[in-house]
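Each of the next two complexes has subunit A plus one more chain, namely subunit B in the first and subunit C in the second.
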Partner chain A sequence: MIGTSLFRWAISYFAVAIAWLLLAEVLIVAGFGFPNHDIDGPDTLVVVHIVTIGWLSTALCGALFQFVPVLVARPLYAERWTLPALVLLTLGLSVLLAGFLTLGGHLNGPRWLLPVGASLLIAGFALVVANLGMTLWSARPLPGPARFVATGLACICVTASFGGLFSLVLSGTAIGAQWPDLLVSGVPIHALAGLGGWLTFTAMGVSYRLLAMFMLAPDSDARLGRLAWLAGITALAVGLVGGVLALWRMTGLNLTLLLAAAAALLSLAAHGRDVLGLYRARKRRALELNTRMSLVALASFVAAAMLSAAFVAAGSFASHVGALAFLVAFGWLTGLVLANLYKIVPFLTWLETYGPVMGRVPTPRVQDLVAERRALKWFVLFFAGSWMATLMLLVDAALGFRLAVAVVTLATLGLSEEFIRARRLADVAEPLRLPTGAAAPHLLVSRN
Partner chain B sequence: MTIDDEDLVARIRQALKVVIDPELGHNIVDLGFVYDVSIDDGAAHITMTATTRGCPAASFLKEGVANSASLVPGVDTVDVTMTFEPPWQPSMISPGVKSSLGFAEVN
Partner chain C sequence: MTEFIDVDVRPILRAGGEPFSIIMAALARLSPGEGLRLYAPFKPIPLFDVMASKGFAHREAELEGGEWEIRFMPDDGSVEAAGPASAAPNDDDWPEPAVRLDNRDLDPPEPMVRILAALERLAPGQTLHALLSREPVFLFRELTKRGHQWRGGFTPQNEFYQLTVRVQA
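Then we have the complex of A and B:
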């Protein structure tokens, strides 16, 4: 197959995702959830699920619907499933949050909110997994980066399944009452599969192809990424299978997680070595902002891994887990997603606007849709704010943490404006901006 | 090929420079995407490639090539073939564009 089509709802997915991110940031700045409240309390669960499902998963799903077909040179299995998936994910999360708010005493809602929200989310993720899974299935044998995505899809199934079970326990149903200890022991598996398997492992895999493409670095060596993938699936298999076994036997969970962490560190080290190799072999010396910021995000991930190892060695991991999770969710994943949106949004906008008139009239470049110098300051603020917020959590300075997240929020607003400017072609100089035959894009949906 | 045909091929190549790779920001002729242009009694045959097989811009590039070539006087019909054999390599980029993309001299 030659070429893939534009995914109509990609921009809609990104817009919904950014709205959730801003909401999460505002809630944190307002002092809602951790560290003002318990790390496993309902208020913290509200913020955590807005970030991981509303923001990160929604953005990742939108990007994967566009990018998996590029990765495997096959059309998306069913584009018609993508809008229902977005609706289910958004609705499911909203109901789930209402359930958490009820649990925290902020709402007087019925107890079925949590299981219903979880069911809607499971249905949404099932549509995503089936769609991307069938697309990958049609392209076997899978290229390296696609294997990471396939593993990520398996992990979101695990995450969602555990989430569904938790909702039965938390809402006090008779079925949930049969597993009173599930929450205590199952949360690490739920978090490991979600943050580690679904979000991080998928992002690592996609990074191989994206970095190679943007840096013009050779990535045809079949060995590229193999060690990172093997160590990663070992970590996930040990963590998930071992975790479930430990849960069943009621013992050995810590040892299992330690073994999984060791394999995960090896995976990250191999990934870091691969990215460094791509960087050194790149033909394009002058890197664009999105690539540079992706590398900064990766540095946050490496820092989080090194800090984790140090805290485990010092025996203080449990008391710092909130700070580490924040660094992974913001410094690494949010930074990486924002950096890539800074390329994907103008690229899709370019294709939609100028693709149909190419060859008939001169067209601008994708780079003409953005102003890197202006956006750089928002990225600097974003990463500085994320690192400062992590530091504030490490030293137990709750107010400092909220102030630092206020800076992150400001940076997010600034970058959101940059994305809107790209959609509006605001930085494209005349007369190239809207040549004859070109139609201006809509803000929130592509014309396809 | 006659001198007229050679002239027409040169004019087609020149016309194809209106088509750019949006990501790399340079025209596809200087990027080395155009593998072959031939003319056969007013029918232009163009063989081209793109950076990667699944590239969402590939179909637009192909269409853009057909559009721009068909605007060249003397061209009656245009036939564009997209191939990934051989796969495109950065070494196919012209020296001038290489330097503007920031290629190191060793490359």
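Then we have the complex of A and C:
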């Protein structure tokens, strides 16, 4: 049994991530990429990769470095690898974006930008996967939530490998020319492994532990989450293995994806049932804002799944895939990450500032670092904006979509200010704010 | 010298399983004179009475990471001859807790705050016992920084976490 230390760069990861999120939102509001441009065009790829890598993956990595050690009660394998990973991910994404901008004719860059950016990103993700993977490896047999994370780590490897291959094809290299059809049939696998396996599945696993912790619900039953995990890995295995086979045989991709989707729906249903069970068994009656907003995010995900099923049944899935992807990326994943940051940032700040003097002098509670009523307003704007934007995409109203994302951007700015206020202890009443022996935290990095 | 059969219940407990039947099954397979060496993630105090009633004395040793190695051997008076299981100190040198806290129903991080506050009021060498609903991973960091020692683990049914802290002497 060991203690968990504060992960020094967690706040830095979150800050970089939020900066990317704001950039993506501003680009969307400015009309860059989908729906003004093709959904698979280079401009859309810029926005998609800022959201998925810059924002979601960076924030998720920061959270995992802090919470995987909590999940498995083992120290992080190599904390010294975490800052290089952040640098590689940020640099790699910047170069990759320059590559997309060149492809779209906005920049006059060399064609090696895409493969070099992809290589840097692969190196960054390799550091993340190795670090978290070794941490998990030391804790076998894995508890339930950690199995989701392990699966997510396998999926980011698949996503990154496909991304690397695409960069070779798109940049027109001789190696890439050997797989001219890769882009057509490989993109669903790349997106499925990234959004579904890495981001969604990992978030589901971490949710089990975080929701149980925040709702004071018992989660010691080893069966908790098992069906969701089994159905989820079935969906991913069918989707990925079947997808690669279909790629090779040039047929059957739709059937594979349909089977994978059915298993994914079962996984989501089981997860929803588990979360409901935790909610019913909770000891904390009045839930905190972060937990309530996590549940709202999960509702977005359920809505996205139901809409997808309905569109598949109606045969119009392909024409609505942009709207559904937006709902998953913003209503579900972005909402969930923002909701959890609203707890994690104040908690880490509280532990860092008041841990050393706790018990010796009066200290504030974690709740004293936040003002939930003020933040609630931003969350309402965020989710309303995200749902409105999805609706606008469904009815092909490009301008309405941009206006709705402007609301989302405003909400993101508001929440960013809340995080900064928490770091600065701005909402803590004065006699308790900085007792003797406590030092004010830095904005972007923790003392550990 | 007693021969030992090894039983490691750490993976079973980590997976949320119930190790008691496995220990009893291993016990049934022992030959006369053989002992049982048990590896557990916490000190299995309730088991000691059960084993004593079956005619086994025990020797305990704390391993790295708060885990325990317990040697059960047929109590034929040879226990003393077996010698100490390891150099690691055991609970016997810790005094009875001066404070007992039941923090199971408190909202985190309140359990941690109360334990640290209570420790400040104890004299060096005194101990505190606390019941918690989960492993207090963030508390250990503060205990280490303040030089306190601690021992803890989940109860056999994984119902709650027991923690004993000794104030820096």
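Heads up, the rule we're going with is that the second predicted complex is superposed on the first by the 447 of 448 C-alpha atoms of A that agree within 3 Å, B and C clash if a C-alpha of one lies under 4 Å from a C-alpha of the other, contacts with A are read in each partner's own complex, and residues count from 1 in each chain.
Just so we're on the same page, a contact is a pair of C-beta atoms (placed from the backbone, for glycine too) under 8 Å apart; a residue touches a chain by one contact, two chains touch by 3 or more.
As the structure is a prediction and not an experimental result, all values here were calculated from the model.
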*Do subunit B and subunit C fit side by side on subunit A after the overlay, or clash?*
clash
*For A:Pro143, select first, second, both or neither according to whether it touches subunit B, subunit C, the two together, or no partner.*
second
*asked:* With both complexes overlaid on chain A, does A:Ala73 touch subunit B (first), subunit C (second), both or neither?
replied: both
*asked:* Output check: A:Ala286 vs subunit B and subunit C. Expected answer is one of first, second, both, neither. What do you get?
replied: first
*Would you check which partner chain A:Arg273 touches, where first means subunit B only, second means subunit C only, and both and neither mean what they say?*
neither
*asked:* For A:Arg447, using the defined touch cut-off, is the partner it touches subunit B, subunit C, both, or neither? Pick first, second, both or neither.
replied: neither
*With the two structures laid over each other on chain A, which partner does A:Arg360 touch: subunit B (first), subunit C (second), both, or neither?*
both
*Determine, under the contact definition given at the top, whether A:Ala222 touches first (subunit B), second (subunit C), both, or neither.*
second
_Colliding region between subunit B and subunit C, picked from 58-66, 76-84 or 112-120 after the shared-chain fit_ = 112-120
*Common interface positions of subunit A, toward subunit B and toward subunit C*: 1-6, 69-70, 73, 213, 216, 220, 283-284, 347, 350-351, 355-356, 358-360, 363, 365-366
_Show me the residue ranges of subunit C that touch subunit A in the complex, using the header's touch definition._
11, 14-17, 41, 65-67, 105, 107-110, 112-113, 115-120, 133-135, 137-145, 152-153, 158-159
*Which residues of subunit B touch subunit A in their complex?*
18-20, 22-23, 25, 50-69, 71, 82, 84, 87, 90, 98, 101-104, 107
*asked:* If we count contacts the way the header does, which residues on subunit A are in touch with subunit C in the complex?
replied: 1-6, 69-70, 73, 141, 143, 213, 216, 218, 220-222, 283-284, 347, 350-351, 355-356, 358-360, 363, 365-366
*Tell me, which parts of subunit A touch subunit B in their complex?*
1-6, 66, 69-74, 213-214, 216, 220, 283-286, 347, 350-351, 354-356, 358-363, 365-368
